[in-house]
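Letters A, B, C and D name the chains as they come in the text, with residue numbers starting at 1 for each one.
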Amino acid sequence: MQIVNNKDTDWSYVIGSYKQPVASIKPGEVFKIETLDAFGNKVDSSTSDITKLIQMPYVNPLTGPIYVEGAKKGDALAVKIISIEAARDYGVSAIIPEFGGLCATPLTRTLNDPLPPRVMIHPIENDSVIFSKDLNIAPIPFEPFYGTIGTSPEIEAVSSLSPGNHGGNMDAADVCPGNTIILPVNVDGGLLYIGDGHAAQGDAEVCGVATEIPTLGTLRVELIKGLYLRNPRVESNEFIMTIGSARPMEDAARIAFYELIMWLQDDYGIEKLIAYQLCSQVARVRLANMVDTLYSVVAKFPKKYLPKLN
Amino acid sequence: MQIVNNKDTDWSYVIGSYKQPVASIKPGEVFKIETLDAFGNKVDSSTSDITKLIQMPYVNPLTGPIYVEGAKKGDALAVKIISIEAARDYGVSAIIPEFGGLCATPLTRTLNDPLPPRVMIHPIENDSVIFSKDLNIAPIPFEPFYGTIGTSPEIEAVSSLSPGNHGGNMDAADVCPGNTIILPVNVDGGLLYIGDGHAAQGDAEVCGVATEIPTLGTLRVELIKGLYLRNPRVESNEFIMTIGSARPMEDAARIAFYELIMWLQDDYGIEKLIAYQLCSQVARVRLANMVDTLYSVVAKFPKKYLPKLN
Amino acid sequence: MQIVNNKDTDWSYVIGSYKQPVASIKPGEVFKIETLDAFGNKVDSSTSDITKLIQMPYVNPLTGPIYVEGAKKGDALAVKIISIEAARDYGVSAIIPEFGGLCATPLTRTLNDPLPPRVMIHPIENDSVIFSKDLNIAPIPFEPFYGTIGTSPEIEAVSSLSPGNHGGNMDAADVCPGNTIILPVNVDGGLLYIGDGHAAQGDAEVCGVATEIPTLGTLRVELIKGLYLRNPRVESNEFIMTIGSARPMEDAARIAFYELIMWLQDDYGIEKLIAYQLCSQVARVRLANMVDTLYSVVAKFPKKYLPKLN
Amino acid sequence: MQIVNNKDTDWSYVIGSYKQPVASIKPGEVFKIETLDAFGNKVDSSTSDITKLIQMPYVNPLTGPIYVEGAKKGDALAVKIISIEAARDYGVSAIIPEFGGLCATPLTRTLNDPLPPRVMIHPIENDSVIFSKDLNIAPIPFEPFYGTIGTSPEIEAVSSLSPGNHGGNMDAADVCPGNTIILPVNVDGGLLYIGDGHAAQGDAEVCGVATEIPTLGTLRVELIKGLYLRNPRVESNEFIMTIGSARPMEDAARIAFYELIMWLQDDYGIEKLIAYQLCSQVARVRLANMVDTLYSVVAKFPKKYLPKLN
């Protein structure tokens, strides 16, 4: 089985079409993928100086681009995540002085003094994450997902720290084993990038950092010819989902719900204004992150309320 | 048992201290409360002309104010919701032309033509809401809650359509039977207002209207002396929760998480920056509404991760 | 000539209809009005402890309500500002720890430490404001205006710190001598409130405080029967203007431009989409404040580009 | 004198470092530059179908990149605009269905029907722009500027439609003859891009389109070694200015004011909190655009209030 990584080249800090593919896969092929953690595996102690180890813009290294054979602009890639393993026995979280949801940042600029940096090391044991050996807090289930997954825009090269219509750094816990992420193809081969494994994460990823881990994943990518997407979709057993990434956060929510409603109209025959009214009764929402250059919101429609076709 | 309603006076369209209480209750007293639906029970058919039946600002009539004996500025009210029954065998939802999450509104003004109005009547049968007899969609569980609950600000009188630090029209499904809502007291007696019953509602209440019902509820209000709150809190068996209401939506999320973190520090001894980092791993978020004059976000901390005290 | 003030009653900290008028005026009558500064004239030294002198919500005392004879819901008031004098030989500005455009606030909540408080006293001499006797900075022209002017909403009572559709704390330097402010009437008598005199202010009022002064003003109020307004308008010799107050700031700008365009269509016969395209070539914008509970944006159309009628 | 254009290669639709320079200039060298209009000079009639002529993402073609000899990461480029001539005797404006400040867009998504497209041709005669030969509207002064000017980010390639820390599509009328635009250098040679000439534009560019023209400009670029900038600056005879680009709009204003205040502290010795308080009395603001993927706000400090150095 093919094992994809960027060990023989540079890791990718943008998602775009200006770099040679590191691997080529066939639709339907099962393959392995190795990813570094968001800090390039460089933070290994609670005494690490994260303000030195992180040098913008070289944060959140991604594996890729992966060329998918036959993919052309106007198609979509359906990425089935079969499994994600932690490639290390601990995760890392941190407070980064001008990054996060409850502090001044380069976008929400203020004159207040920045927060102090801090690193925490979280052991991963028995399918659990230990937040702190000192604090008497119950173990957190190991529920891994990819914080970052995306395909190349047509002409832009987007920071691996940013989400967008192309996917990217959405920090959506729905990008997890068992689910399928459907991404637009804008250039030949689609050019898939993946990284930013999380062993655990709360909704909103409020301090800006989850339990960051390197991973070994198993994936299968299907090619959907002629499915034009404006934004990423996700499918699980329970939900069909769409992800909007924008600022302010209401615009992210508007995008996600607009796409969900158009999907209900296009594929399930529910006229869009009825779908709008129905979503108002049964939809679920995940606030994926409130910390990145754009915020990401997942709008979720429970499959049990899809019209029963005869 | 006392039954509180506004039948002998006007229903309340603002939350404030300028109206005589309709009832007085003692802390710990169990009482009943009757509420109209958000349209004043005036919409009863899918052919109702909602643009005529709704005359701003006389929308979302509330029951109250209720005077709580002994409540003084600086205290808090803990409102335990024991039960909520539908006082009618159907709910109403609607599309209102310049109201909702995916349309131009008086706040997000555009030159596009408005959406067409529409009313749907949703039968309530066997603890389920029937979205439509025509569409083949599974019944939605009857999960009632109050869209609006709040206490009087000190000097302002706030539209019953608006949420805020005082609670109000938050549309948070966590304001449901079994849970306790904790609200600030800013004036003598607290002056509690309740209304806007929902038989079902999706996260975000995206079209602006849930399955609206009149209700008969059973409540008990406890007085917490000397608990100063900036914003509403909710407690369930599973979560401690805080609610922020603001625009843009990220400010609502910031308020909710700030209050959750300060609560974790003040009552559970987790230093605030550690609480921040912990929430980033385990918190949950409900987007309560993306449609009102302010948006409401619920930040939720799972009680299972509270420090175990010895 | 009538001199209006609140010396025989309380100053007003909300704009609403729940307080008895302090004066009644006839349309066309010229009258004087006295206002306190935003701090109730209580800050008189650079060593004043502003965090003690300001006790929320009792900030920004207003003069009023003033009852305008004959005003009914659906009319408008045209308030001509004839003159504004400083009623003191100095102005006050300040940094207030959790208030302002470049710091964490109760709405944009963060965990950063607050800014330190500071008061500056600015002498007013020879029609100039002296920012600092120590710093070698050129005198600032004395260009007084009212930071706050508004009429009562129909049922709400709005904090004097907040702007809105009713006017209020807009901090728009266009509310100055020579100009006419046109406000909606929502209740009998209109109920006009005025205060928050500024001797000088930059666009955006970025630290949240201008050069605050008590004032003696001379006004004339005309009644415009049957002019329904959703938002305040201003007229000067050079511009017709509309003011939008909302968050996020783009919504304030949307409201202001929408109203400007509808005004161009309704009164000047420029079809709204042409007016939209024309504004894109010639409009001017003032960012009035980026610090209040809502932000205020003034959209300005130069009268020289109004269609010349024959 | 060197004449720079992209006639022998493709025009640039992203600002980045992945394309070969089209010219190399020496610091201090005066050169000419030719730019196409934002529609690639393809719209020449009021009956042009703009929805067909514009094919995303190939909009707003830029001239460049221009390599500046000696420029290294951490330096800055000071671009003096000596003159801008219209290279055509008319400008073009348009309504583009899902683009603009007062309509639903791909970011502020709604279910409302889109606005209809429309093109207007504006003759340029005698240093004036004629908005319409039919409407009796006074001529608009020809006041040309570049809507787009920027330098390459370090690793990203940003759409020519987007502004940002690198400059880009800011639509700031201060980027005009007589003024100097100072931009960060992130890569060798800086890699300057220019385009999007406007013959006239209102603040906010509210419909999303100014009076678009191809241009012939004359420029001189100076290299400022060791001046690290986070965001663009502009200098005129009257003002020092900083530009912030972000969403929501208040974040753009925060960035602009933060940078202005730090500039006042770093270069003029005004301690930052005093500069904050001073800006609150004397600053001016231009809302440059409220229509692009990010909004741009210009914070302006009048030079007459700079401390007089002895």
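Convention: contacts are C-beta pairs under 8 Å (C-beta built on N, C-alpha and C of every residue); 3 or more make two chains touch, one makes a residue touch a chain.
Keep in mind that what you see is a predicted model, and the values were worked out from it rather than measured.
Shared contact partners of chain A and chain D, listed by label: B, C. Across the assembly, the mean Cα position most removed from that of chain B is the one of D. Across A-B and A-C, the chain pair carrying more C-beta contacts is A-B. Measuring from the averaged C-alpha position of chain A to that of chain B gives a distance of 32 Å.
Each chain gets one centre point, the mean of its Cα atoms, and the points for chain A and chain C are 46 Å apart.
Shared contact sites, meaning residues of chain D that touch two or more other chains, fall at 102, 108-111, 115, 247-248, 254, 257-258, 261, 273, 276. Residues 93-95, 100-102, 115-116, 118, 120, 122, 129, 131-132, 135-138, 140, 200-211, 247-250, 253-254, 257-258, 261, 270, 273-274, 276-287, 290, 295, 297, 299, 304-308, 310 of chain C are the ones that touch chain D when the two sit in their complex. The residues of chain A lying in touch with chain C in their complex are 102-104, 108-115, 248. Against chain B, in their complex, chain C makes its touches with residues 13-14, 16, 18, 57, 106-111, 153-159, 230, 244, 246-248, 251, 254-255, 257-258, 261, 272-273, 276.
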